[in-house]
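Next come the structures, one after another.
Both of the next two complexes hold subunit A, though its partner changes from subunit B to subunit C.
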Partner chain A sequence: MSNVNGDSLSVQEKLAFFGMITAGVSHDINNVNAIIRELAGLMEDLFYGAEQTGQLNTDKLKEIVQKIGDQTKRGEKNIKRLNRFSHSVDYPSQNFSLNGLIMDITDLSQRFARLKRITLSLDLPEVDTEIESSPFLLQYLIFSCIELLLETSTEYEKINVSFAEQNGSVSIDITGKISEKGNRFDDRMNMIRKLTNDLSCEFNMKQTEDNRDVLALIISNTKS
Partner chain B sequence: MADFQVLIVDDELEFVTALVERLKIRGIRAEGALRADQAMVKLAMKTYDIILLDIKMPGMKLADTIERFNEIKPGVQIILVTGYGSSAEGEEGLKLGAVDLMAKPIKFDKLIQRMTELTLGKNG
Partner chain C sequence: MAYERVLLVDDEEEFIQTLSERMQARGLTVSTATSGEKAIEIAEEKNFDAIILDLQMPGLNGIETLKLMREKNPDAQIILLTGHATVEKSVEAVKHGAVDFLEKPAEINKLMEIIKEASDRKMMLFEKRAEDDIKKIMKAKGW
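== the complex of A and B ==
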């Protein structure tokens, strides 16, 4: 049985995270929509031109159709990701794939990283791990760690998310470089502590040999 | 139609490419820049009548960018493009001197009309 509760967080705090993620995804989907609209308009322009000249550039049309297809796939991925995120609040605790969850929250964080010109990468183990916990709170926790590093890093810095299973526990490492703590550092740390408390997991900060900062989350694999 | 030169500044490559091409088909001189600093370099080297500027781009603070554009080319007319229905940043941009705010997806005919109005108004 998992030891999960959401007692440390207010409704407003949970809603704020939910809103931030959905706003980010909706912004990206709107970009996809805008691109498809321009590409469709361009096709229309080319057909109109062809009616005047009697000549149609089929290679150009094929290129546009391909681009529309690519954007459609991009939009579909975003929508599926948002759907999974939305359903992560269905139950306070459930079994889920940790690979899938970490991949999703890292993808959902990419827009925020891109705006800061920071590279966010992910290393997943080949074998998936299933755990029983709150997918919503765990995503919130991982995102909070990523967000802390995004806010304290300089441009063009790199953040990496990885995890490993060892002796019945899972260790999720979010690695980056804290250059300047800033005035929201303490707030971010308080949020991380609240979430680790609610998820009954451990949190510690350490440094690698090359002086990079690691925010380490250790979850006892409580899958029943 | 008024003769004018447009610079489209947005980090979405396919959006910029398609929009530039559509404007060129209509005889409007248009170029694109995927980053605010690239746009500043172009602006320093060439005269643009209108800049279409995405309000949310990587590494960019809107106020600083608008200020810098005005320093490089005083009087350049900036139309802000936002992905949001309403935007506090967009409103701030208008206060800083941008001439209009449009939401994505852009209504293309409305864009042409607005750019023509701005250029004709500027030229008397």
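== the complex of A and C ==
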């Protein structure tokens, strides 16, 4: 699937997506930073107290160190994800792992789902698939589908992202429940159509037996 | 400056737990909530000298929570704390009655200063209201 261009999209539209994702991650990183800063402040308070009383609560200190370690790991994950996302615009078409890309864009979308109180889950096959395409545009497309479901679902709904490979084609299914289309539905659909066109992939909407809505992206000619 | 009662509202539990511990060590009485809805519930039950609200939260966001709180209690001293402050958001917050707007992470000493100012302002409002009530009674009685 190397027939990729981003011609249907304006620079502003591409930048809007880039900005939305980077702003979301930077917000998360800032939260991590704020927590570490308060934990460091708490340590400072403990040391100050110890200077006055001659006693240091080492159990509390160990607990704080553990929490700082946990937050650092959370920050590292965010930074790595942001770095991979930033590099997705390096080349118009690249070979990449579909598992990795879907995992990254789902993780990057978690903040938006959390703000809407929606659970966003992921089902990946054990065997990875490598494809040649535009990782940036494909992430934009998957995100647009997630965003459409986030905007049309009610609170506490669930959205699931999964993909399966069959006969050289890959189907990425984003499943949720459209409750109310709202006034941005047509704009979102328009964006999805532009992206599927630029990525030369197929898009269709279907319903499951339990009346859930599936936004299916079908990509052909995968590498392996 | 002891005994100020503060309500801390943020969906980052670890953040409010740690900040609350530090504020308590400085003599404040702190309640916490991880959502706007829960914060409104707590603010209806208890009286606070200052309420510190995160701007971006699941469900009701900071501005929506601020509006509802101020509708129920126009004297509420609400400080917005946010990851990335914008002029637009701070203007909106002040328009809806926020007394201050701080960027996260905030210096604890700065936060303590702002809480003290909010508490003093609330006391002044209380005294002014009591004075107005007395004047009204005196006027009604013809004293």
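Definition applied: the second predicted complex is superposed on the first by the 221 of 224 C-alpha atoms of A that agree within 3 Å, B and C clash if a C-alpha of one lies under 4 Å from a C-alpha of the other, contacts with A are read in each partner's own complex, and residues count from 1 in each chain.
Here, a residue touches a chain if its C-beta (ideal position, glycine included) is under 8 Å from a C-beta of that chain, and two chains touch if they have at least 3 such contacts.
These numbers come from a predicted model, not from an experiment.
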Query raised in the report: When the two structures are laid over each other on subunit A, do subunit B and subunit C clash or fit?
Result: clash
Requested in this report: Classify the contacts of A:A34 with the two partner chains as first (subunit B alone), second (subunit C alone), both, or neither.
Outcome: both
Report task. Would you sort A:K67 into first (subunit B), second (subunit C), both or neither based on which partner it touches? Result -> both
Requested in this report: Kindly classify A:K14 by the partners it touches after superposition: subunit B alone (first), subunit C alone (second), both, or neither?
Outcome: neither
Query raised in the report: After lining up the shared chain so the two structures overlap, which partner does A:K158 touch, if you call subunit B first and subunit C second: first, second, both or neither?
Result: neither
Report task. May I ask you to decide whether A:R84 touches subunit B, subunit C, both, or neither, giving the answer as first, second, both or neither? Result -> neither
Query - Residues of subunit A that lie at the interface with subunit B and also at the interface with subunit C - result: 27, 30-31, 33-35, 37-39, 41-42, 45, 49, 67, 71, 114-117, 155
Query raised in the report: subunit A touches which residues of subunit C in the complex?
Result: 11-12, 14-15, 18-19, 21-22, 25, 56-59, 83-84, 104-105, 108
Query raised in the report: Can you list the residues on subunit A that touch subunit C in the complex?
Result: 23, 26-27, 30-31, 33-35, 37-39, 41-42, 45, 49, 67, 71, 114-117, 155
Requested in this report: Spell out the residues on subunit A that touch subunit B in their complex, using ranges where they run on.
Outcome: 27, 30-31, 33-35, 37-39, 41-42, 45, 49, 67, 71, 114-117, 155
Query raised in the report: Quick one: in the complex, what on subunit B touches subunit A?
Result: 12, 14-15, 18-19, 21-22, 25, 56-59, 83-84, 104-106, 108
